Structures are given as structure tokens and as C-alpha cells.
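What follows is a group of structures, each given as C-alpha cells.
There are two complexes below, and they share subunit A, which is joined by subunit B in the first and by subunit C in the second.
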Partner chain A sequence: MTTITRPAVHKRGTADRIKKSMVSGKLAAVLILLPPALIMFSLFVILPLADAAYYSGFSWNGYGSPTNFVGTQNYERLFDHSVFHTALSNTAKLILVSLIIQMPLALGLALLVYRKTPTNTLFRLVFFLPYILAEVAAGLIWSFVFDGDYGITAMMFQSLGQESIYVLADRQWAFPAIMTVIVWKYFGFHMMIYIAALQSVPKDLIEAAKLEGAKPRQVAMFVQIPLIKHAIVVSGFFAIIGSLQIFDIIIPLTNGGPSNSTHTIVTYLYTFGLSRLNIGFGSAAAVVLFVLAMGIALFYQRATAKGERS
Partner chain B sequence: MTSATTRNTLRVIILILVASVVIGPLLASFFGGFKSNAELRTNPLWLPASWNPENYIEIFLDGSFWRYMGNSFFISSMTVFLTLVVGAAAAYVFSQIRFFGSKMILSYLLLGLMFPFAAAILPLFIKVRDLGLLDTYWAVILPQTAFGLSLAILLFKAFFDQLPKELFEAAYVDGCSYLRFFWSFTLPLSTPILATVGVFVFVQSWNNFLLPLVVINDRSLYTWPLGMMQFQGEYLTQWNMILAFVTLTITPAVIFFLAAQKYIVAGLTGGSVKG
Partner chain C sequence: MLLQHNKEFAMKRFNKHQYAAMRKRGLTAAVAVAAALGSCIAAADTTVRVLRVEISDVEKQYYDDIIAEYEAQNPDVTIEFEYIANEAYKTRLPTLLQSGQRPDIFYSWGGEGLRDQVEAGFVRDLTEEMQDGWQDIYPESAVRAFTLDERVYGAPLYATVVGFWVNTELTEQAGVDIEAIETWEELEQAVVALRESGITPAVVGGQDGWPMHFYWGYLATRLAGGDGIEAAKTGGNGGFSGESFVRAGELLQSFVELNPFQSGFMGTSYERASAMFGDGEAALHLMGDWDYIPSKERSMSGEGVPDENLEFIPFPAVEGGAGNEHSFGGMNGFAVTRDASDEAVDFLRFLLNAENQRKAASLGIFVPVAEGSEEELDTPYARRVAEILDESTFHQVFLDQALGTSVGATVNDISGDLAQGVITPEDAAAQVEEAWQFR
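This part shows the complex of A and B:
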């Protein structure tokens, strides 16, 4: 009798012990592994964003604690400032150029090089190269290209027998020049997203369309592009969120000039908030940026979710 | 057949045109570093008349170039190390252990995927200052890590979820704890994703400009983008020197990219496809 029951008791005891130690082991693991991420994320991401909302109610130079509560005055000043209007409309232009010029360009090139051949791989690498360069380095190289005395545009003007212009010091041309650099810098990234998607389109679908007599353009329009809709939606999202945050590349190119005509939201908040230590005012601009980013993200998600369902 | 050939010719012509616009400014900057400023004025684009490495050598012999590179290398390496350790640890918890509230905490940590970093820059400056970290490497490393965590956790968790569950059960019966298992099984099995995230974080950190600009004033701590802007401010229109400097700073990035392109592309597009 005992020889039969004993192992059973023993077994249950072991199971209990394992269970118990598993629970305490779990607890220990959670308490050791999770807090570092939670603390860092809260301290350096969530808290600063909450602080920005708080500071935006004060007139504060960053020293001592904020005491001079001014209500919505910072926001009123912000929306009265013509340079902020310029910054908003420049940011909107960047979004439009990304969506209307950059993405179709990237898609077209993706269709040309998505097949896995050695030459295609080479072109892909070249097109992607600007994306991995630091924005400031890219900006500096292009500020040479656009230089009115030394640059490549100067050489072009001269060879046409024209007086060269200082592209980046010209109110009319400075921002289009910046947009050119931005397309140059980022189209490769979008192209890579499309290529990854195009390579996963089943080959027999394309073959079937070809057998039915579809031309390459028709295959692209009616088979490939509809099938990579999700990738296009994702890249559109990155294009918008990225455009909202353009900063680095402006600094070496124009630094916001000439006469404040090329600011974006972020260069604005840096120039008028941080470098002049108007922390409250700059925080108001940060809050506007945050609200815009979240608002557009949510709107975009809804709009595209609807589009994808239908 | 002929239409297919002409189409292909057209395709190659377009690709070569785009490629030269992409590469042109980079080559011009590499060539420009070998030229004199006078030569640059008449020939900004093509090969130099003579390959005179003077400018490059001058920068190489100047200690501050190496200092900037060293600072950037240390900051980027530490950011990668911290992001991998802290991010993988958290992702392991979400992947292996179910507990009350775990889903909510995960969504909280993933909020960072949507937040624009620049919106936090002013309060970050205040926070870093109040913590006494201004003009230290940590002023860059810690916020960078924090902002990289969301994507790291997302990618790590997706990878850990695919590891076979039987492995853990077997190890557990043999008396292996969660912590031991994380260290001796999960991490070694995850080298592909660790490499992908690591390379991605490294590139981001190496190129970062806004954060170091705001939290570092001491020139001896400058990262290379800050050093480059400083250099440009000193040399103004001496474009040959500036182009040499830019070329030297982007060369490691280009070599690194060619060596690790598989991981870079996977990291950049992988996050987008899963997210």
C-alpha cells in the first residue's frame, strides 16, 4: 500500500514546490528585469512630455522653479508670431513634398530595382546611402553644392552664362532647395520599405497577369501596387511623422534664414525657445508639435484603416 | 522583344541618372577635399587636378578630430549596450511571464513609438541639468536609450515569442530559474535580433545632433556632428577643408553601412512592417 501511495504524495509535493518556486521565481524576474526599462522610459520620455505641458503655462527662463503663471499667454504669443506661421506652413510643405513627390519617386524606383539581381542590389545600396548619413553631414555637403561662389549650382549658372545666385540666401529658393535635399536624403528609406513588400508579392500572380497580356505598367498598377498597400500606408506614416520633426538638416543649410523664412516647427522651438531660454514659450511650441503629431497619427490611422477595409 | 530591350535600356538610363544625382554630391565632397580652394572655385565637381592629401592629413594630425570621433564612439556604444540589456530584459518579461497588468505596462512602454522626440527636448534639457548631468556623456546616453526602448522592446518581444516554449519547460525542470534562462538561453539564441537592433541604435546615436547640441557645451565632450559644425564655423568659406572634414567623418559610416547593410535595412524596415 505504502509503496503505491508514497510516490503519489511525493509527486504532488514536488509539483507544489515547483509551482511555488515558479511563482517566486517569476516575481523575482519581473522585479529585476522590468524596472530599468520602466524607470528610464518614464524619467526621460513620459515625464519630459508632461513637463512640457506644465511649463507652457509659465513665463520661465529655466532657472529656479517656474512661478510666473501666465495661463494661455505663451500660446497666444505663439499663434500671433508670423515666424511660427511660416514654420507651420514650411512643415506642411515638407509633408506634402514627402507624400506627393518623394513617395511616388521611391515607388517608381522600387519597381525598377526590386528583383534580386547583382546590378539591382548595387543601385539599391546607392539609393539607400544618403539615408544612413548624418543629417548635418548631408546638409553641409549640400550647402557646398548650393554655394553661390564655389558650389555646383554656381558652376551650372556660369556655364549657362548667367549670374550665379546664392540659393540658400534667397528667400524664394532657399526652401525649395531644402526640400530637394530632404527628398535626396530620405527617398531611399521609402524605397526599401516598398522593395521588402514587392519581394513578398507572389510571383505566379504577376506571371498570370503577364500571360493575360498585361504590360509591365499595368502589372504594376493593378497587381503589385494594390498588393503592397500596407507598405505604402506605413511609409506614408513615417513620411508625415518624419517631416514634422525635421531639424538637423536645416541648421547647416540655412539655420532658419534668410530672415527666418525657412524655419520648421523644431528649428523654431530650438531658436526661439531654447537658445533664448524662453522655456515656457518653447514648451508651448513643443506642445503644439506633440498635439499635431498625435492628431495626425490618429487621423491617419483611422483614414487608412477605413481605406484598407473597403 | 525589341520593345523589351528598349524598355530595359530606358530603365538603366533612369537608374544611372538617379544614381549620379545621389552619388554626385558625395563624390564632389571627396574630390573637393583634395583640391585647393582656388581650384574648387573653377572645378567644384570633377576629379582634382592633382591628388593632394594635405587637407586630410592636417585634420588627421589635429587631435580634436579624433576626440570627436572617440566621444561619438563611446556614446554610441554605451547607448547600444544599455538599449540591448534594458530592452531585452523588459521584452523577456513580456514574452515569458504573464502577470496582472503586463499588457498595460507593455502598451505604456510602446507609446514611445509615436512620440516626437523633439517635443521633449526643452524639458529634457531641464531634467538633465537638474540631475547634474549636463556636460557628461550620460546626458546623451540615457535619454537616447530611453527613446530607443520602445522599438527595441517591440522587436525583441516579437523575436522571443517565436523561440520554442519546450526549451524553457525542459530547462525549468532541471532547476533553471527565469533569470538564468534569460541569460544563458534567450540572449544567446537571439543574436540575429540583437545585432539588428544594435546596429540600428548605433547608427541613430552616431548621427544624433539635436540632443548633444542641447546638453553638451564642453568642447572636449563634443560628438562629431557638433565638432563638424564647430569646424565649419571656424573655416567658414574654406570649403576644401570643410569637405575634407565631412568626407572623413562620413567614411566610417559608409564602410559600416556596406559591412552591416543587411542588419541596417532589416532594422529600419523590420520595425515598420511589424509596427
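This part shows the complex of A and C:
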């Protein structure tokens, strides 16, 4: 039967394509396999998104159904709020630190430990350890490290004869401290991506470069790194999206303080939307976060795709 | 008429879930079921579910005893207590109230938070029951905390008062006579004297926000008075950006310039501050009366500041203030949800009766509100608190609760900002007013 219908396929008509897929069982597969995923996706992604967009038009405290429609007032307040500006710039800082410090650090370490030897396995484990820790636990541990009375930083300052700094209580130092913790927490993850990619770089290429007289640094720069570009693109994507989502490290470290100077977009929407029961306002912040994440993701994909073609 | 009667009959005899299920099937069916079940109904149990913020084991035991007593008197009623940690309680309550898991009785701080729940129609009006002799056992200010637009929506359990816990050993070292302090200026002089003798004058849990709000909130209460704060809600005297609230910020900032707090106070949590006071690291701690036992438990020795060196003094008076006779603290109690059974109200009335209030006093778990129950208080501090409450002509509930969740959080924020000098008193007051407008 398939042989008889085959010539018709060349016309590429829509009706024919449907007919063909019906015959080949593709349509049946789609009809059976798509609904579970589609329903899940709409129920837990699309629907909440639409809900948030709807709620963001109301002044609503979460009781009953929203009735007090305020138009764009939530958005106006959001963009006027100085803490939201701080949250935006903090999030931008996190993205920059992830891209400029965390990723090169991870790449450097990956180049050092990617070969399969027992010592390297040990180092890999040590570097990967922070990533395994739960975020809240990591946050708590670091809040002890930064403690101005008993913490390690305090001891360092005291042994240098200086007065100890209360890092997390200081508006100037609290956010750099958070960035340090985040780099420490996630560089191991990026390192693992690079290690996996480096191990798949063909050995003969490296051998060839060495025979040509390339030094290890040159091998890394001109052979290995260009060959793992796809992994770097992926890890960059994770770094950006991850930075937009940072929440559970900040809560135990500073809880957004001192005086709301260390919020990210997510802690901002949690603090000012959820815990203050301004659900409408929080929804507006969530919508902004979604648009940002979506925009950045699309832009990043375009930019890196172009880079690959040239 | 007959239908209505049957509905009430069913409502009384069935527990909430059965009733809800019946209502779904329609009233006729309900009546039929009620008639068919006949004698079974009388044996049906009513369960009253109570939701309470997590508390100490001693207090849990206190409730368990009351439950046992009530259940013995009312064999067909079962009481269930459920406890949720403080912060989680606040965020989960709105969801719980709207779900099928709605408790019958829930813990409440009164004020604007309760208003939100009332306006959404989740709270049962208790006015009739309260006026039927129930509210007579409490002072007026306690009932007022649960009164909105002349209707009563809850009943008080206990009151808390904010004041300075003092380590007199340290104040004596600095030559400060703490008991003689009556005005804010005298307190400032004491702070200077303490600092000069190398003692940290006060600890504060700045990271948590609300401990710092005690300073701004109490100063605002002293300056504007409880009635002034009520007036500000409706925009009187410039609302919350009015003179008294700006002045409160100015006083707090000039106080902070004296360097009264421990180093890095914005990174200290309440628990930590409480422990530091217990360890004798500072002379003063502006905190609620409830910190007596926690501060001891959190100290390194587990003993805290020994009682002979421990004093609890009221917040000093502020010159020209309208609220120098007023007190500042909490008024905590319970509210009943809309569909709760009459048994729930009956149990609440039993739980909060004068006898059980006296029992709480004698156990020393909190300072009960029922009049006369303070006679049973066994620590001098609790009696001191009862005295302050007695003398007070207006008990202002914590601003971060009385003004509702959102405005309250703003009050906490600006208190911390003022203490760090990152905003001006005018900006601080304006931010509170703005939050109030947008609530």
C-alpha cells in the first residue's frame, strides 16, 4: 500500500501529507504522545503565566477573587520603586559576574583536571562539592563565615590587627559577598560541562598540534576551546538563566537586607509580592521577570546561532 | 420554614464536612438524608480544628489540658490543634482560609490583617456572643483590637508589652540609675554613659526588621498617641507623613548617632540579639516581655542574666508626646471562620474564659488579658507587664501588625533604613503614607 501512495507524496500538498502521516502512523503517535506533555505544559506553565498576567492588573491581597482593577498601576509602581531598580542592577551584576568571572574560572579548572587520573578525580570532586550542597545550607554556612563576631572573615581581620567588618550588615559589602558565594556555588557545575566536552575532543587533534610545536596554552586556546564552543554556549545560557533565578542563597544570607540592598528580581517579587500579600503587585514583577528571561533567552540564542554560522 | 429548621438541625448535628457534602447534593436530599439517618445523627461527632502559631511545649501542654477538660464535658466534640511556624503561618493562612482545609478557629493578631480576612468574608461575626457577657471579662482595649466597624471578629488570648530589658549589673558599672529613667533624653544620657564606660548600650536584631520597628513604632506611639495613629489611617494630621511620624524618625536618627547598638546590628537576627543580651553583652534590649525565658534559653550558660540583675522598664516618655500614657505591644487572640460550627464558638469561649486565663498566668506562659488574672502571675516581670497594661489608657498594637502585612513591612524597612541613616525622616514617613495609600 505504501508503494502505491508514494508518487503522490511528491506533490507535497497538505492534505496528502496528513494522509501520509495517517497511513504511516505518525499522526496516531502525535495524537497519543502529545496530549500528556501539552496538558502538563499548559496546566503548569501557560496557565499560571496567563493567571499572573491577569492578576497583575489588580490590587489584590490574595483573599477571594480579584475585583479592584487598577490597570497598569502595579507596573507604574514597580518601575518607580527604587528597590526594584536595585534588584534589577543586582541581577545584572550577577549575570556579569557569572559570565566574566565564574565561566573563565570554571574553564581554567576544567582544562587542569579534565584528564582521567585519580588525583584529577579527587580535585573534580572537591570543586563539584559546593554544587551538591543545598542552596539554603550553603547560604547558612556562608552566613557563619561572614559573621562579624565569630566568622572566618572576622578572624582574618582581627589577626591583621584590623577591626572586623560585619560583611552582611554592610550595604557596600553585602552584595559582593553574595556574588562570591554564588561563584563558589556554581562554578563546579560549569566546570563539569566543560570537562565532559573536553573529554570528547579528539586526541589526534591535540597530538597533531603538539607535533606542530604548540605549547599547552596554545593547544588550549586554538584547539580545545574552539572545539568545545558549543558547551561554552550552553553553559553561558545556564549561567544567565540561573542568575535570573537566584533566590534561595540570598534568603539565608541577608534576606534581601540590609535595607533591601541585596534583592534580586526573584527575592524582590517574593518579599514585596508574596510575603506582603500584594499578589497583584507580585504578579506584575513576575511578568516583568518572565519578559526579561524570555527576551534574554531569545537574544542569546540568536546571537550565538549567528556566531556559529560565520 | 420547615426546610430552614431542618437545615439548622442538620448544621448543628453534623460536622462541617458532612454538612458541606450535604449542601452540594441539595437541600431536599439533605433533609431526606437527615430524616433517614434518624438516631445516627445524635451520635455524630463534631470536630473543631484550631490553627495556632508554633509555641513552646509548656503552652502546648496548657492547651492539651484545656482540650481534655472540654472534651470530658462535651463528649461529642473533638478538638484538634495544629501548629505552624510563625512566618509560614502568615503566608499560608490566606490559602488555607480559601481551601476546604479551612480551620474552624485560627490565631490572629487583629488589626488590618484581620480586616482583610473579614472583608473577604472568611470570618464569623462574634458580636452577639461577645456582648452576651463574654467580653466583660476582658479590658476594653483587648476587645478593641478585634473590633472592626463596631463588629467584633475575635477574642483576645494574651497581651504583650514592649519595654527595655535591662542588665542592671552593667548599668551600675556605668553609674546609670536605670529605674530613674523617665524621659527619652535621660535614656540618651544613659546610652552615652554606657558607651563611655566601654559597655555596649543596647542590642537590636536589625536583620529581622521588626525589632527595629519597636523603636520607631514606640516613638510614633509616644508622639502621636494611639488615637493619633488611628487618625492617620484616615488621613488626619497629614496621615503617616504627618509631623509626629517625621519627628519619630528624627528622634530615632539622633539616638542612633549616639552609637547605641552592637557592631553590625543590621546583620543580627532577633534570636541572636536575644542570646547576646542573655550573655550579658549589652545593657539594654528593647523587646517584648516574652523574651524573658527565650533570652535565658538562648544564652551560652542557659541561665541568661540572673533575675537579681534583670529589670524590665517601660519605654521612656517623650517630651510633648500625646501618647505618654499609652503602651505598645501585641494583642493576640483567636478568630472563628465563617462556616465554623457553634461548637467552635463554644469551645473558644471556654478556652478564653477567666479560669483558663488565670491558669495561664499561674503557669507563667503569657500575660493573660482577662481582668484580675494578673494576680496569679508568679514572676515580677509578668506583674510589671500587667501593671503597665493596667496603667495604659491605650494599647497600641505593633504597627507592623496593626497596619496590615504590606504597610507593616514598610514600617520595618524604614526603621532599618533610618537606623543606618540611608533615608531622611521625611522620606521614611512619606514611604509609610505611600504604602498605606496603596494597601
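Definition applied: the second predicted complex is superposed on the first by the 269 of 310 C-alpha atoms of A that agree within 3 Å, B and C clash if a C-alpha of one lies under 4 Å from a C-alpha of the other, contacts with A are read in each partner's own complex, and residues count from 1 in each chain.
Note that a residue touches a chain if its C-beta (ideal position, glycine included) is under 8 Å from a C-beta of that chain, and two chains touch if they have at least 3 such contacts.
Small disclaimer: the values here were computed from a predicted structure and weren't measured.
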Open item on the list: A:L49 in the overlay: touching subunit B, subunit C, both, or neither? Say first, second, both or neither.
Closed with: first
Task: Most subunit A residues touched (candidates subunit B, subunit C) - done: B
TODO: Go through the superposed model and pick first if A:G62 touches only subunit B, second if only subunit C, both, or neither.
DONE: both
Open item on the list: Let me test your reading of the model: by the given contact rule, A:A37 touches which partner, first (subunit B), second (subunit C), both or neither?
Closed with: first
- [ ] Pick one for A:L78: touches subunit B only (first), subunit C only (second), both, or neither.
- [x] neither
TODO: Check whether A:L168 is in contact with subunit B, with subunit C, with both or with neither, and answer first, second, both or neither.
DONE: second
Open item on the list: In the overlaid three-chain picture, which partner chain does A:L274 touch, first (subunit B) or second (subunit C), both, or neither?
Closed with: both
- [ ] Would you sort A:F189 into first (subunit B), second (subunit C), both or neither based on which partner it touches?
- [x] first
Open item on the list: Quick one: is A:V223 in contact with subunit B, with subunit C, with both, or with neither? Answer first, second, both or neither.
Closed with: neither
Task: Overlapping contact positions on subunit A, where the subunit C interface meets the subunit B interface - done: 62, 147, 149, 274
TODO: Spell out the residues on subunit B that touch subunit A in their complex, using ranges where they run on.
DONE: 7, 11, 14-15, 18-19, 21-26, 28-29, 32, 37, 40-41, 44-45, 85-87, 89-90, 92-93, 96-97, 99, 105, 108-109, 111-112, 114-127, 129, 142-143, 145-147, 149-150, 153, 172-173, 177-179, 182, 203, 206-207, 209-210, 214, 224-225, 228-229, 232, 237, 239, 242-243, 246, 249-250, 253-254, 257-258, 261, 264-265, 268-269, 272-273, 275
- [ ] Mind listing the subunit A positions that touch subunit C in their complex?
- [x] 59, 61-64, 77, 147-149, 164, 166-171, 254-255, 257-260, 271-272, 274-278
Open item on the list: Which residues of subunit C touch subunit A once you look at their complex with the stated criterion?
Closed with: 87, 90-91, 94-95, 97-98, 116-117, 119-122, 206-207, 209, 263-268, 405-406, 409, 413, 416-417, 420, 422, 438
Task: subunit A to subunit B touching residues, read off their complex - done: 18, 22, 25-26, 28-30, 32-34, 36-38, 40-41, 43-49, 51-52, 55, 62, 109, 112-113, 123, 125-137, 140-142, 144-145, 147, 149-152, 154-155, 184, 188-189, 192-193, 196-197, 216, 231, 234-235, 238, 241, 244-245, 247-248, 251-252, 265-266, 269-270, 273-274, 279, 282-283, 286-287, 289-290, 293-294, 297
